[in-house]
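First chain A sits with chain B, and in the next complex the same chain sits with chain C.
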Partner chain A sequence: MTTSGKDPALTSFEAVAGQEFDVVIVGSGVSGAVIAKQLGARGCRVLVLEAGSGNEITVADYEESVQRFYGSQRKDNNSAYANPRNAPMPRDYETRKLPPGASNTDGYLVQMGPLEIDSTYTRVLGGTTRHWEGKALRMLPDDFRMRSLFGQGRDWPLAYNDLDAHYRAAERELGVAGDVEDQQYGGLDFGPGYVLPMRKMPLSYLDRMIARDLDGMEVTLAGETFPLKVRSTPQARNGVPNPAYDEGRGYKPVGAVSTHQEDKGERCQGNTNCVPICPVQAKYDARRTLYAALETDNVQLLAWTVASRLEVDGATGQVSQLEFKTYDDPDAPGHRVGHVRAKVFVLAANAVENARLMLASDLPGSSNRVGRNLMDHMYLLTWALMPKPAGALRGPICTAGIEDIRTGAYRRHQAAVRYSIHNDGWGWATGSPYSDLEHLVEHENRFGAALRQGLIDRVSRQFLLDCMIEVLPDESNRVSVDPRWVDQMGNPRPVISFGATPYTLETAAFSRRLSRRIFQRLGAEDHTHYDPLAPGYVSHGGEGYVLRGGNHWAGTHIMGTSARDSVVDSTQRSWDHPNLYLAGAGSMASIGTANTTLTLAALCFRTAEAILAGLGTHAPAAATTGARA
Partner chain B sequence: MSLTKITDKAGLHRHLEAAMQLEHATIPPYLNALYSIKPGTNTEAFHILRAVAVEEMLHLTLAGNILNAVGGTPDMTVPGFVPLYPAYLPDGETDFQVDCQAFSRAAIETFLKIERPAQGATPGVDTIHKGRKRAHHNGHKRHGTALRARHVPGNEEEHFYSIGEFYQAIEEGLERLHAEMGDALFSGDPARQIGPEYYYSAGGGLMAVTDLASAKAAIRLISEQGEGVTDNIFDYEGEIAHYYRFEQLLLGRYYQKGDARGRPTGREVAVDWDAVFPIKANARIADFPEGSALRQGAEEFNRAYGDFLSLLTRAFQGEPALFVEAVGGMFQLKELYYQIMRQPLGDGTHAAPTYEIPHG
Partner chain C sequence: MADMLDGFLALSAALTGFTGHRLRGTGQAEAYLATATGIVGEGVMRDLLLAADEARASAGGDAAKHEAELRRLIMSDDRLGPVARNIIRMWYVGSWYQLPKPWREAHGQSPRDHDHVVSPISYTEGLLWPAIGANPAGAKPAGYGMWAMPPRIAPG
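== the complex of A and B ==
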C-alpha cells in the first residue's frame, strides 16, 4: 500500500501563481511522476500541474471511477474517468470514417485523416496509465538502429544498452511481472542473472490451448524462417513476487494508492477489465509513483490546471515562465490565469499534448519538427471461434503473445509485428459480450435457458489475436494547432493528420494471412471481417483492412543527434531551450513493437539524472538500484 | 478450549491452535458485517472492514506458520474449530461475546472489543488511557478478573484481557522453551511454510517462520496490526491498527499521523448505517424453511466454507500452493453471501450464512 496516513499535498492557485520552483512539470502521468519522484527525493522543490481532477487519491475516489465504468453504457477506454469540458479528452467513439478530403471536428481531437485514428489518452491524475492495459515489454536492440540496420526510419541517439539500467529502474517502479526466460528472442538481453520483480502472470487456459497447437509452427518472411512460440507477456500488474529479485532481497509489491489505508491493493484477480480500470488496483498506474513523489514533501500538485503557454526569453532561448489556467468547475466556463517560474520546465503531458502546448506557444522548433513524426501502433484485429470452450473473459486482458517476428531482415521492406492472445474475447473488435447478447436476443430470438446457453457457447469460445504493427516516423504524420479549433478555455485543440504507409500495410496483409493459417491450425472458425464504413478502413493489394490505434502516441518531439533534424537530445532536453525537457513517448525515434510506457519511463529516469546534474545535485540512486537487481 | 501457562511443546501447540482458532473466529463476524453492506454503498466502511478481514486471514496464516515451525499440525477441519455464534473468543476473554450480525454501531463496538489494545506493556500495571477507556465503556466490568487470571501458576486456567496479551503469553512461552531446548524447538518442516509468494499486502506481508527471530517477528506483526500493543494509532511500519480503523467508523473521521486517540482529524468518513441488509443475527439453518432454495443456498455456503477450510488445512499440511486456490474460493463464498443476504425472512430480517460447518 502506498500511504502516509496524511492528506495529499494538493496545492492551490493562490499558493502557486507568481511563485518560483526548482522544477515545474506539466502532467502527472508516468513521465511526470517518475521525474517528480526522483527530483523530490533529492530535495528539489517541484510543482506538478495536472489538467484533470486532483480528487483521485483515496480508495473511495478510485471506487467512484470503478462505478462510473460499471454504470457506463459505452465501455470505451476512458469510460471510467470524468471528462471535464475545461480539459476534455479524446474518446474512441468520436472517430468517424472520413470521406476523402473531409475532416472530423466533433471530438476533442480534430481529425484530418486520411486515416482516422481512434487512439485516445486520459487527462486525469496518473494520466493514461489509468486506462492502460499494463503490458511492459522492452523494445528490442534492433529497434534503436532502424536506419543503420534496415535503411528505414531513424536511429536513436542512444543504444539499447545505454538504457539497460533505466529499464531496470522502470521495471522496479512499475512492478513488472514476467519471466526473463520467456523473453529470450530478437536479441533481447536483460544481463546475466537478472529477474523481474514478480513472476509471470500465469498463462490463461486459452494461451495453453493455443500453445499446444501452435508452438513450433514455422513462418517464412523475406527468406528467413521463424519458429513460433507462445510466450508470457511481461506486465505491470501485481502477481507473485520473485524472491530472487534484487540479488535475493526480493520485491515488495506496491498496492492501492490511499491516504487512509482502507485497502491494500491486491494481486491480479483476472477481472479482464484492466482497460479502463482494474477494480482491485492490481495494475500499476502512475498515481503510485506520484504519491511517493508527494510523500517526499518536496513535490506539490496543482490539479484542475491546464498549462497554456510557455514564454521564452528571446535572447537566451530559456523558458522564462509558464502560463496556466485553473478552473473551479470542471464543466462550466470560467478559469483564472496564472504564471509560474522555474529553473527547469518539464513537459510530460504526452506526445500529443506536449506538441500542442509547444505549438500553442509558437515554438515549432528551429528544426520545425515539433508535432511531426507522429507515431502510434496500428492494430489489425483478427478473431475466431475456437472448436471448444476456451475460457474467454478470465484473466488479465493478455497473458501471452507471439514475439518471434518482432525483428528480422524483413524490416527492410515491411513493418515489424507482434501478436497478443486476448483473454477478453472479441470485445475490442465487436463489442462482445454485450453485442453477443444483443445478437442472440434480437436476431435469434433466444430467451431464458436457451439465451444463457447461447451466451456460454458463443462467448467462451472467442479468441482474438491482435497484430501490433510498427509505424515509422513520417514528417507528414503530425499534430498541429489551428486557431479555428479551440476548446472551452480557449486552448487550441490538437489537429491530427495521419496516414498509413505501404511499409505498415504490407505487414497488415501478411498478418491477416498468418492469422488465417493460425486459425486453420487451431481448427478455429474465422469470424474476422472489416467494415468498409468503419474508421481506419484501408485497402492494400486489393484487400480491405481496419486499422485501430494503439494509444501509443509518439515521435512529436523526436530525439536525435542534432538541432537540425530533431527536437530533443538523448536526455529529452530541448535543443532550442536549454532549461526545457520534453518527456515521454514524444521523444522516441522509433516505437518498434513494444507499447511505449516502459521505454518512456526508462527515458524519464535518464532525464531525472540529467536535470539533477544540471541543477548541481548528484544523480539519483534509481539507475544504480535497478542495476543491482 | 482452556489454556494453562506454556511449560512444554504440547502447551505451545495448544496455544497456537487456539491462536488459529482465535484469528479465524473473527472472520465470520467481519465477513457478515462486510457483505451486509448493500453493494455500491458505504464504500469507505466496506474497504475498512475488508482490509481488516484480509489481515485476519494473514494473521491466521502466520499463526499456522508458527505452529508448523514448532512441529505442530494445523488442522482447521476439527469439529468445533468454527464456533457457533454468539461465541466467546478462544483466548478466554470472558467479558463479551461475539455475534455474527449486520454492519451496525453495535457490530463495530464488538469489533473494537475484539481488537482492543493490551492493558499495558508492564504485566499487572493498568495503564489504560483515557481515550481507550471512553471507547470501551461497556467492556471493562471484568477486566480486573482477567488481569489477575493472566498471572496464575501454570496449571490454572488462563484468561486474557486482549488478543495482544494472549500473543505476549505465546511469545514468552516460545522464549522459555527456546531457552530450554535451543533451536530444536523449531523442528517443523520448512517446506510447510506458506511464504510471501502466496500472500502479501504492502502493509506487512506473510513471512516464513523458521526460528525464534522470525516467530517473534510474526507475533509482532499480528499484534501491531491488530490493536497496536504499543498504544500507537500507527504502527512501526506506518500502518493504522485495526482498533483505530474501526473507531474511524464510529467517530466519522479518518485518523492522520499525529492525531491523538479518539480525536481523528482527517477527512470525513461517510457512513450510512441504513444502507445495510437487515440480516438476522446469529442465524441458523433451522431458521430457514425446510426444502426452500434459501435453505439449500445456506447449506451450500456451509459446505463451501467447509471445503475452504479443508483446502487451507491441506495447504498448511504440506501443499502450500493450494493456498492460492483456497483464497480463490472466497469469490464463490462472496457470491453465495449476496444470494443469501438478499432473502427476506418475513419478520423484517434477512437471511445470512450460518457457519454451521458439516463434518464427515
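== the complex of A and C ==
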C-alpha cells in the first residue's frame, strides 16, 4: 500500500483461489476493517473479501461517488454508490405498504411484514459507514442489563465497564468529536479525566434557538421526573482536536483516503450531506481503517467477490473453507467460483448479510437463533415550523439532541428513547425542500419574489425532531432465506420478517405527545401527520403513527452465555464453530438508544484480541490503544 | 437558439426572483434553455418568450402589473404555464420534471420528458439553497462552524 499506483492492495481471484490465510474476513466495513487492521499490525496474513467495487480507495474514485450523488434524481441514502446486479443492495424507495399477509419481492430485500422496514445497507468498500451519518454515542450501562434491571429483553454476557477500553479504542479509530461534559446523564461514565479526540461540533443556530426555550422543561414518566436539556451529539466527524486528548498528546484528524498526499477532509465544512456522502471526507468511513490495514502489507483485499457458502467439518464443527464468487462485470451475469482456507474466519458483512450467509450455508446454529432477534431502531418523526427563520439546511445533519430520557424505571413498561434535532429540515419526513418548492410553485402558484419569500417562510423555519426508539430482541423478527428468492448470482436474498411490539409503540405514542409539548413550548407550528398508506404505518391506542427504519440492523447472531440460546460468546466467537467469528451489530443483545456503529467497532477491537490470543499472537492491551487524558 | 438566450434569461429572472446577472453566474442558462427547448420544441419556447416580452412591454416598469401580466399571459395558459413552472424547477433544484399528462396529450410527447437532473453541476447550482442562506446538500459549504450563526438571507 505504500507503493504508488491506483489500487496496489487489490488481489485477484487467481492469486487467492485455493490458498490458505491466517484469517479470512468477509466484508470491508467498519467491523472487518477494525479486525483486519489489528491483525495485520500483528503480522497475521489476512484476506478481506468485499462484495462491491474495489475501485474506491483514491480521491478520484471518491469524486465519482460525489458526482453520482449530484446527478441522482432520487437522492436516497445509497444514491452515491454503484448498485451492481451481482451484489445488489436495498434501497429505501423499494419499501411499500403491505396489505395484510402480502409480501414485497421488488427490491433486494424480500419483505414479509407485518411492518415494512425501509432500512438499507451499502455493499461497497467501507460498507455502510460510507452512507452513515456518523453519530457516535456510547450505549448506557443499563442497556447491557435489560433483563436484570427491567425484566425485558436480554442481558449481555459483558458489562459496560468491560467494554470501556474498547469504546476508547473505537473513539480513537473513528475520530469522535464531542465533549464528555455534555454526556453526563443516564449513568454514562467515561472514567476520570477522559476526553474525546476532538471538541464537540458547534451547536447549530437552530439547536441554540431550541435550547433557549426548552432547557429545564420537565417530563414525568413512570413517576420519575426528567429535566430536559439540549446536549451536543458526539460524532465521528473531523473538528477541532482536543489538545488534552491522550494525556496531552492531542489528536491528529485523519483526512481523505488517498494513495497520494491529499490535503482534504481534515475538518467538517458544513455540507449538510453526511448521508449519503460527505464530499470532503470529513466524516469517518471504514476505508480509513481499511487503508491503514492494507498499509501493514499483511492484509489483502479481494473485491467484486461475494462469499457464498461456509463449509464445515462435521466432526469438529470447524469451518474448513469458504466458497466465494468473483464477478468481472458488475451487472452482466457470469462469475467464477473459488475456495479459500484459513485458520480463522470472520463474517463482518453486517447483521443481515452475516445471517444470510450462515443460513445459505445451512448453519442455523444449534440454538436455531441465526437470523432471529432482528433489531433496528424505530424512528418516529415529528416536525414543525419555528416562529422565525432558524437556518435550516445548514451544518452537519445533527449537532444536538435530547438524551435525558435514555433510561429509567419506565423501561419495565416501554421502550427507551432519545431525540435528535435535525439541521437538515423536514427532508426525512416530507422530501423537503423539493416538496416545498413543489407546493409553492404548483399549489400556491408562486413565482418571482413571492416564491423566494415562500421558501424563506417554509424551509428556513423547519425543525424536525426524530424520536429514536429502542426495539427489543424478539425471536419472531428475523432474517431468513428461501430458495424461491435468489439474486442474479444465485445467492439467496435476505427475507425480512419484522413487527413492532406494544413495548415500542407505547414509546412512539409517548414521543408524539412529548413532541406536541415541545412545539407548544417553542411556539412552533406543528405540521406532523402520518399517512395511513405510508410504509411503516401502525395504529396504537387509537392513534396512527409512521415508523421508519434506522439502518441499524442488529441481533441476528446474538451474543449470550451459552450455545443453548445464543449464537456467539462475548468475543463474537461462534459457539458451534470454534474458528468462526460473527462480527458486528448482529452480536448485540440489545441496542438501547445508541446508533450501533461505535459499539460494534468496540466489540471488534475485543474480537481482534481474542483472535490474536487464539492464534498465539500476543494481543495489544486495549488500554494502550485507547487514551486517557 | 443563441438569439433566444437573452429572452430566456429575462423570463427566468421574472420567474425566479433572481437577477439576470445572478442567473448568468450559475453557468446553467444555456443548458436549461436547451433542455426545455429540446423537450417542448422551438415553437412553444418562442411563444413563451414572446409572451414574456409582451408582459414586460405592457407592464411598462410597473412590478405589480408585470406580475399580473405574467399570470394572465403565461402562468394560467395551458400550453405555456407548465413549461414556465418547469423552468422555475430547473433554476431552483437543477432538475427537469415530466410535464403534466394533459400537456403531453395536447402538445406532444418527448422521449427526454422524464424526471432527471439536468447535469451534476445543475444540482449544485440550484437557487433554492441560496434563497434561504443555505448550500445545496453536498456542495458549496460555507465553512466549519458557520451553522452556529443566523442564516444570511440576501437578495440577489
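Throughout what follows, the second predicted complex is superposed on the first by the 613 of 629 C-alpha atoms of A that agree within 3 Å, B and C clash if a C-alpha of one lies under 4 Å from a C-alpha of the other, contacts with A are read in each partner's own complex, and residues count from 1 in each chain.
By definition in this document, contacts are C-beta pairs under 8 Å (C-beta built on N, C-alpha and C of every residue); 3 or more make two chains touch, one makes a residue touch a chain.
Here the structure is a predicted model, which means the values were calculated and not measured.
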Which of chain B and chain C A:250 touches, first, second, both or neither: first
Partner chain(s) touched by A:318 [first = chain B, second = chain C, both, neither]: neither
Which of chain B and chain C A:449 touches, first, second, both or neither: second
Contacts of A:241 with chain B and chain C, given as first, second, both or neither: first
Winner by number of chain A residues touched, once chain B and chain C are compared: C
Which of chain B and chain C A:59 touches, first, second, both or neither: first
Touched partner set for A:67, first chain B, second chain C, both or neither: both
Chain B versus chain C as contact partner of A:561, first or second or both or neither: neither
Which of chain B and chain C A:367 touches, first, second, both or neither: neither
Touching both chain C and chain B, counted on chain A across the two superposed complexes: 67, 267, 269
Complex interface listing, chain A residues touching chain C: 66-67, 69-73, 75, 202-205, 208, 239, 267-273, 277, 279-280, 389-396, 399, 423-424, 433-434, 437, 441-442, 445, 447-452, 455-456, 459-460
Residues of chain C that touch chain A when the two form their complex: 14-18, 67, 70-71, 75, 84-85, 88-89, 92-93, 95, 115-117, 119-121, 123-124, 128-129, 131-135, 137-139, 141-151, 153
Parts of chain B lying in touch with chain A, wherever the complex brings them together: 40, 43-44, 47-48, 50-51, 54, 195-198, 200-203, 205, 234, 238-240, 245, 254-257, 266-267, 331
Residues on chain A engaged by chain B in the complex (per definition of touch): 1-7, 58-60, 63, 67, 199, 240-241, 243, 250, 252-255, 259-265, 267, 269
